[in-house]
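Two complexes come next, and they have one chain in common, chain A, joined by chain B in the first and chain C in the second.
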Partner chain A sequence: MEFLITSALNGVIYGMLLFMVSAGLTLIFGMMGVLNFAHASFYMLGAYFAYTLSGIFNFWIGLLVAPLLVGIIGILVERYLLRRVHFYGHAHELLLTFGLAFIFEELVKLFYGDYPVNYRMPDVLNFAAFNIFGTDYPFYRVFIGGVALAMFISLLVLLNKTRVGIVVRGAERLPQTAQALGHNVPLVFMGVFGAGAALAGLGGAVAGAFYPTNPNMALELGVIVFVVVVVGGLGSLTGSLLASLMIGIFSSFAVGLDWSLAGAFDWVGLGGWARSVGGLLTMSISSISGAMPFLLMLIVLLVRPAGLMGSKN
Partner chain B sequence: MLSRRAISTVAGAGMALGMAVASSAQAEPLKVGIVESLSGSQTSTGRLYATAARYVLEKVNEQGGYNGEQIEILEYDNGGNTSGAAAKVRQAIADGVNVIIQGSSSAVAGQVSEDVRKHNIRNRGDEVLYLNVGGEAMELRGNKCHYHAFHFTSTAPMRVGALTQVMSEQGDLGDRVYSINQNYSWGKDMQESIEARADEYGYEVVDTVLHEVNRIQDFAPYVAQIKSANPDSVITGNWSNDLLLLMKAVGGAGLDDITFGTAFLDQVGNVANAGQGAMGNYVAHPGNIELLSEEFVNDYQSMTGHYPVYVEPGAVNGIKLFTKALEKVDFEGGDIDVNQIAAALEQATLETDLGEISIREGDHQTVMPVVVSRVSKDVKYPVDGTDMGFEPIEVVSAEDAIFSVQESCRMRRP
Partner chain C sequence: MRYKLPLIALLMVALVAVPPLFGGGVQYALVNALIASLFAAAFNLLMGQGGMLSFGHAAYFGIGAFAVLHLMQAVEYGGLGVPTVLLPLAGGVAGLTGGLFAGYFATMRAGVYFSLVTLALAELLYSLAPHWEGIFGGEAGLSSMRMPFMGLNFGTTLEVYYLTLVWVVLCLVILYAYTRTPFGRLTQALRDNAQRIRYMGYNAHATKVVVFAISTTFAGIAGGLMAISSETANYSIFSTHISAEVVLYTFVGGSTVFFGPIIGASIFTLFGFVVSGATNAWLLYQGLIFVLVMLYAPSGIGGLIQAHIDQRHRLPWARLPLPYAVLAGGGVLISLAAVFFIQSVEHVFSNRYQTVVTRTGEWPDYHLLGASWDPLSPVTWLVSLVLLVPGVIIVRKAMARIHELWEDQGADVYESETAPAAGGGH
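Presenting the complex of A and B:
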């Protein structure tokens, strides 16, 4: 029981963090069709900007202003770089953002050094939310979950219930018609890209204080947010949330499970043989918990190529 | 003088004459290639090895260089991966380096070591030395050992041995030890060493975990596992994020009475990030700034812009030992034969601030003392802008720290 509840709790919170980072990516891909490889870099920039700002002002100002700065960088990237290569198709956009990711990483090293910086949560947030089976549960984890949930709800409302949402969705589906109706489609795309980047920046500003803020943080999370978007269904916000939670919970449970293929062979009386063979047969799930997201992606792609909530096209 | 003698003996051979004249005009410089991770995810460590190596070699150059010339120091960026390293080793050899220095990542070290070994087999008389300042994998001293590779860093048995000995003496080890390590050669070496020491120091290894390397973002599930095993101490060879996240997660869960025994807590940024959670935890390392002479520390600071940290003191000692060997071999301005340098290196000794270090012939591992330190506020050099630093608890002597030569090492001597 203890294992079940603790693992579920840990998994959900980690899933919410993944969602926080991947929401912007989903938005950008769903609305603009741009596979943004630099997305995790925006996450990293958010953390570093928040670190700088929290040093000058305080943590809360960092949390608010850092996403705005990252959003502005996102807008500049869209306006002066992406828009130029948009004409040449997706491959060029992908390569451009791929290159940007490297440039951002080296720039961060140039300005902040190679080591993790000392970006930490303020003391007012550093306390135990509750005690579960004798273990303190840090409030900041709950805070991360709360921010992610707020992000999800406000995005959903913005896209589905407001005029802005209608225009954005219209510009994505029928750009020429939207343009004919007097909407500035390039401006909409610029806004969407900026908003997506800002969301990643917010994710970084929040998570960077809990996980170390270092020049590798983009690299570490970069792959996994793509898995989230693919599993969730390209462009589906609800799908992203679902995929994030699944990945979080699967990874969390996998750590505690000592299952191996040899264990499965026990059922047919071949356990002893399997253990003597060793290798893959005795590898426990816990030692490959980091591969869980990729396993999940494989299965989802086989069963539902469009992702959990993705539309067929 | 040499060239005149050379001319008189081979006066008939025009080509040899030409060569001899050329060598008289200029002595042959020793070329050292630093093949390090200078970009990519391991820059933070790679840069330190490069800085430390450069510091020592430039000191030699200040005092007139070697073989009548300044030592040529060439830097290559291996990008932190084996394919990059293979390419850069080829390039370095094409540039005519005599010695290759590399440290960060055992995987890259394995690649460099093997490439050097193969090159040396195919190019007798034109060999290259490999100085490993950071790759700790036992394999490098085991079945991958070879005559032209020298290992200047500690290994898992050395670190774990020192850690368990000192933590046990200090009463911080306890009866129940939890082993959590990264799932590759280094982590497995660590786990093996932790299990091997259990009887000697009277502890039980309550659980062992191997997890993926620097891919786990959330260590909370592992903390739940640790908690259910109820250990007194956790010994881990984790480095970088894997150590930071683990310590943060344990601190956040309120399990403050668990003591950590680590190999890399002194990595820059770790103490600041772990905050008060770092206090009282141990690290076993080849060098601690607190024990170094003030003269060296300040000189290092003035030349490189920072105090020697993390892997730097150890790397400096290793390369200094190498320069000791250089002093023993005099080529009188002629061609450099690295086999002679290697032979001299096997005999060289260096008196460091911690004690004497030397190379043993069996596997070319450096026999060196290991320091065990504890995070404390009672230090001369606080780290990371905090009020904490590493207080040396005990220097475990070279004889006590060293492990026996592995049977898998069959070194062929030239």
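Presenting the complex of A and C:
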């Protein structure tokens, strides 16, 4: 019971974090058709900027300013780099973002070194939110979840209830028509790219203080975020939220389980045979939990490429 | 075309005759360059010919390496009579098998989705391999020794170099010949318009699977050669970095030309060998070069060379050298600015330097390009700007002049650049 509740809590909160980063990625893909390989780099930059700013000023200023800086970088990337190669097609845009991800990682290593930096949450936030089964549950996890939830709600309201949201959704669905109606579609694209980058940056600024902040964080999270976006359906915000929660909960449960395929074979009396075969059959779920998201992504790509909630393919 | 054969013959003579003059370090770098060239050429069969952008080619490179290591272990401990020179075949067979299986699924999708399937497959292998003791040797990986064969004991790097050279040249010849066969033409047609191929009665999916498998076969051979050269491999061979590197090599070299990826791979590995000892920022330079090529020469180095060859009768050769020299001068200025800035940052932000700063509270001068610089003085950081701004202006002027000269003659600068570089779209 303890395992169940703690894992579920941790999973939901990790899922919310995944959502913070994947929201921008899926919006950008839905709108521009660009699978942005550099998106997780924005998450990493957010964490590092917040680290530097919190050292100079304080944690809160870092939390507020870092996403803005990342958003500006995102806008510059869209305006001066992506738009330039747009003419050569989506594959070129993909390759460009891929190169940028490479550069961002190396730049971070250049300035901060190839090891984790000491980015911590302030003491004000370092307390137990509540006590569960005799262990304290850190408030900061709840804080991460809260920020993500606030972000999801404001994004939903912005997209569905405001004029800006209508234009953005229009530009996403029918860019030419939106343009013909007099809306500045390139500006909308630039804004969405910047906002998506800023959201990822916010995710990094919040999460970096709890999880390790190191130059590998973009690569590690990057592939998982791809999984989320594909499983949820490229371009679908609700799908991303569902997939984030699913993968978050799954990975948090998988760490604690030592079931294996051989165990499943026991039920039909083939357990002994499976153990003698070894290899894949005797690996426990906890040891291959890292592989599960990719398996899920493969299945979704092959069976239903539109994902859980995607409409376009 | 007349110059092609003598040029290749000359290159071959150089590849055979020159390496013995150098030490083991250079020979080792050449082995790596050869392997990277083959890997990139195999990758580009899929990308340049078939229009399928794979982000997980490390998977087949790695499978090939592990297959060869298993065979090497069987020779070493089991006394199996496979001569060392034939070992890379095992890598090819493993690459083929893996490619047929993975290709069947991956080619069901096109464009971005294809790339994502290949990425997922490679990541799957990368996350499973460290836990799979029997096949991938767990986290430590597998190691073995090269066994003597017919008087050759493969103890020196030079012998390994010649073994690699023979295999790589052989494979490249086969890969080049492939592009000339009717099936090779079909591959290209598939890239340009898969729908039409289907209407013409070909089985598009089966064709794609075959192309995928041929590409992975040669990637497997490259991996096998890597295993023979380093005698060890672990799960990190499946990592995203290996898949990423081959993408970088191919596009900097130019994916539209057969020799493009080979040029890219050779330049990057050899340059990396020279530079990586001097700086940790080598990968940053690599990334910068890649992005610059993507922005300003999307068809890569090979594409630029090809454009010059295509237009050789129309270009005003007498008037070109001056703007080209000016362009090169501007390029040097920009490179100097970038190198100065990056190396300064590397120096000042390095662990060692920062320790000194926290201990003494002072920012001592550092040495770069034969002079010493004060990190707190604005003059130091202005140096980059002073080099960069004129560099950019010169490059822009020279580029405008070169475009003018090309267009004057009716030569089309973009002719080879507008060709579809990839499947693209979604």
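What we mean here is this: the second predicted complex is superposed on the first by the 309 of 313 C-alpha atoms of A that agree within 3 Å, B and C clash if a C-alpha of one lies under 4 Å from a C-alpha of the other, contacts with A are read in each partner's own complex, and residues count from 1 in each chain.
One rule holds in what follows: a residue touches a chain if its C-beta (ideal position, glycine included) is under 8 Å from a C-beta of that chain, and two chains touch if they have at least 3 such contacts.
In this text, all values refer to a predicted model and were calculated from it rather than measured experimentally.
With the C-alpha superposition on chain A as described, chain C and chain B clash in the combined arrangement. Look at A:G165: by the touch rule set out above, it reaches neither chain B nor chain C.
Of the two partner chains, chain C is the only one that A:L302 touches; chain B does not reach it. In the superposition on chain A, contact of A:L96 is made with chain C only, not with chain B.
Of the two partner chains, chain C is the only one touched by A:R84; chain B is not. After overlaying the two complexes on the shared chain, residue contacts for A:G146 are found with neither chain B nor chain C. Contacts of A:P138 after superposition: chain B is touched, whereas chain C is not reached. Once the two complexes are overlaid on the shared chain, A:L219 sits against chain B and chain C alike. In the superposition on chain A, no contact is made by A:P175 with either chain B or chain C. In the superposition on chain A, contact of A:N118 is made with chain B only, not with chain C.
Two complexes overlaid on chain A leave one chain B stretch from 1-9, 91-99 or 271-279 clashing with chain C, and it is 91-99. Where the contact sets of chain A with chain B and with chain C meet, they give residues 106, 109, 114, 219, 287-288, 290-291. For chain C in complex with chain A, the touching residues are 53, 105, 108-109, 111-113, 115-117, 119-121, 123-124, 127-128, 131-135, 240, 244, 247-248, 251, 280-281, 283-284, 286-288, 290-291, 294-295, 298, 342, 345-346, 349-351, 417, 420-426. By the touch criterion stated above, chain A contacts chain C in their complex at residues 33, 35, 81, 84-85, 88-92, 94-96, 98-100, 102-103, 106-107, 109-114, 219, 223, 226-227, 230, 234, 278-280, 283, 287-288, 290-291, 294-295, 297-298, 301-302, 305, 313.
Every residue of chain A that touches chain B in the complex is listed here, in rising order: 2-3, 6-7, 10-11, 13-14, 17, 106, 109, 114-118, 120, 128, 131, 134-138, 140-141, 210-212, 214-216, 219-221, 224, 248, 251-253, 255-256, 286-291. In the complex of the two chains, the chain B residues touching chain A come out as 39, 41, 43-44, 47, 183, 209-212, 214-218, 220-225, 227-228, 240-241, 244-245, 248, 252-255, 267-270, 272-273, 275, 384-386.
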